[in-house]
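Two complexes follow with chain A in common, the first pairing it with chain B and the second with chain C.
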Partner chain A sequence: MAAFHKLVLSLGFLSMFHAAYSAAQHRSYLRLNELDFTGLPSDIFLQALLSLLIIMYGVLNVAGNFKEIKASADLDSKSWETFRNIPSFYTFSHRGKSFAA
Partner chain B sequence: MGAQKSDVEQLRYWRENNDRKSREVLDIWLNGLWLKVNSLGNEKFLVLEQVCLAALDCHIPNVAETCIESLSQSFPSSLRVRKLHAMYFEAKEDFGTATDILNSIIKADETNSAARKRKVAVLKAQGRTVDAIKELTDYLKIFMADVEAWQELAELYISEQDFSKAAFCVEELILHNPHNHLLHQRYADIKYTIGGLENLETARSYYSQALKINPKNMRALYGLYLTSSALSTSAKCSSQRKKEAAKLVEWSLKEIKKRYSEANLMVTALAALEI
Partner chain C sequence: MSNKSKQVPTVAYSESAIRNNLSITEYCRTSMAALSGCTAGLLGLTSLHGALFYIMAVTTLWLMILYKAGFATWNKYFISRKSLLTSGIFGQLFTYILCWTFSYGMVHVY
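Then we have the complex of A and B:
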């Protein structure tokens, strides 16, 4: 599924670049024919808009899951027993020794 | 391959959550991960360190030895590996050698906080809590923003029953992390243990704050019930306040009962499945 979303994302970017290139082409065509610029042709405009939407969809799915906006959401399911446990202060003189034998 | 991937993810979850699941970590390691450790890439060394700690915790020295050996082959002059060496001697209860190694690390790198913390742990392992407290306060004079050290100091003070100092340490922790319901709950626990009218009232408000941050905190709910029932029967309390406390008792009792009835529903549902 992740590969599919990456494909969607790259297709969106390709299409966006294509729209940009078409727009540049259109401007140079106008300049060569000494016409006034009134606006982009609707097909280029539509393509740019569509590829933006596709890119948005792809990015949202590639970036991974959202985090809760509440500051303490990560802590809600934690208990004091996990929180108080600090690896830098582990001591080894406990019942583990008797169990190992 | 699929099973291996989930094993690695499980290890990572435990590592990041600070779970002390030494036996389980060791089981994953011995059930075949040790054969595939070279395919893990950069995570290999983190896994090796984790397994080494777990092996020391379970007192299985040969696994720890192999981990330390392969780590020191990759990082011959690393202080972090040397710290593992010291911990290996700690687990063998050769505290003199461990302290020597730790001192040599501190000499090589004065800012190495991990080695200084281990020195505290060495004292703690020997049961010399008072010395450990002294060492840790010296450490905190240099590294004042170290949350873990404040927390450990609070625990050490509690084991010496010096509750007011422990409360100060937890206050410091709350300043660092005001959104953590566990710290509010811990502070209230300590205040409740000290006792007395004022402390009980402080405990009650901190339990309430913990509940406000995380409504699922059962211990805070019980704490609220205990503190307010103590307040409602206290002779020194004014009648106005007694009434308020009685209301809180009623409310917290109702909440606790509600939680239990919800939990019981789950239990009976599971029991029905088993028949």
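Then we have the complex of A and C:
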């Protein structure tokens, strides 16, 4: 899934770069024909906006997943036995030794 | 004392989870400022149109973050929805202006 989102991100960047190149081409066309700049053609405009949206979607998914902020969120799945288990309090030298002997 | 604690239920938040979520949104916000700046320059926006575009981009990112967290369950991940929208809005504005002027220069001037 992460690879898919990276692919989306790269496609968005490519599309954005293409839109920028098209805009620069349009500008040089206007300059050669001595026309005034009134605004970009609508297809370049739409392509730029759409690729921005795609890139934002990609970035949001590549950035990572949110964690629950409640402190007890990751404790809910653990049982009391897991918590009570404290290795530092283990005793091995007890009367069980003499029972076994 | 016990009466008081019954009236206001205290919720313990996990510090590291909050910091994790905020660093993710910060990352998205910085990228969004840079990229929407590039787009604004590409589109050839000038003066107030650029500022409006920035506000639009910030709002869009906010909605996308809320969509990712889930519109009904966002308070599982963030304490305040409003500060998610407004925090760092002026700090990112300078990143936006930098990219805006740069890409405007690259596409439209040269």
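Methods note: the second predicted complex is superposed on the first by the 66 of 101 C-alpha atoms of A that agree within 3 Å, B and C clash if a C-alpha of one lies under 4 Å from a C-alpha of the other, contacts with A are read in each partner's own complex, and residues count from 1 in each chain.
By definition in this document, a residue touches a chain if its C-beta (ideal position, glycine included) is under 8 Å from a C-beta of that chain, and two chains touch if they have at least 3 such contacts.
All values derive from a computational prediction rather than experimental measurement.
Chemist: May I ask you to decide whether A:Phe66 touches chain B, chain C, both, or neither, giving the answer as first, second, both or neither?
Modeler: So A:Phe66 only meets chain C here.
Chemist: Between chain B (first) and chain C (second), which does A:Gly39 come into contact with in this model arrangement: first, second, both, or neither?
Modeler: Second partner only, chain C.
Chemist: After superposing on the shared chain, does chain C or chain B touch more chain A residues?
Modeler: Result: the larger residue contact count on chain A belongs to C.
Chemist: Where does A:Ala20 make contact in the superposed view: on chain B (first), on chain C (second), on both, or on neither?
Modeler: second
Chemist: Check chain A for residues that touch chain B in one structure and chain C in the other, and list them.
Modeler: Residues 71-72 of chain A touch both chain B and chain C.
Chemist: In their shared complex, at which residues does chain A touch chain C?
Modeler: 16, 19-20, 23-24, 27, 37, 39-40, 45, 48-49, 51-53, 55-57, 59-61, 63-64, 66-74
Chemist: Name, in rising order, each residue of chain B that touches chain A in their complex.
Modeler: Chain B reaches chain A through residues 17-20, 22, 53, 56-60, 87, 90-91, 93, 114, 117-118, 120-121, 124-126, 148, 151-152, 155, 179-182, 185-186, 213-214, 216, 219.
Chemist: Once bound in the complex, which stretches of chain C touch chain A?
Modeler: Per the stated touch rule, the residues are 11-14, 16-18, 20-21, 24, 27-28, 31-32, 35-36, 38-39, 42-44, 57, 60-61, 64-65, 68-69, 76-79, 103, 106-108.
Chemist: Under the definition above, what is the set of chain A residues touching chain B in their complex?
Modeler: Per the touch definition, chain A meets chain B at residues 71-72, 75-80, 82-93, 96-97, 99-100.
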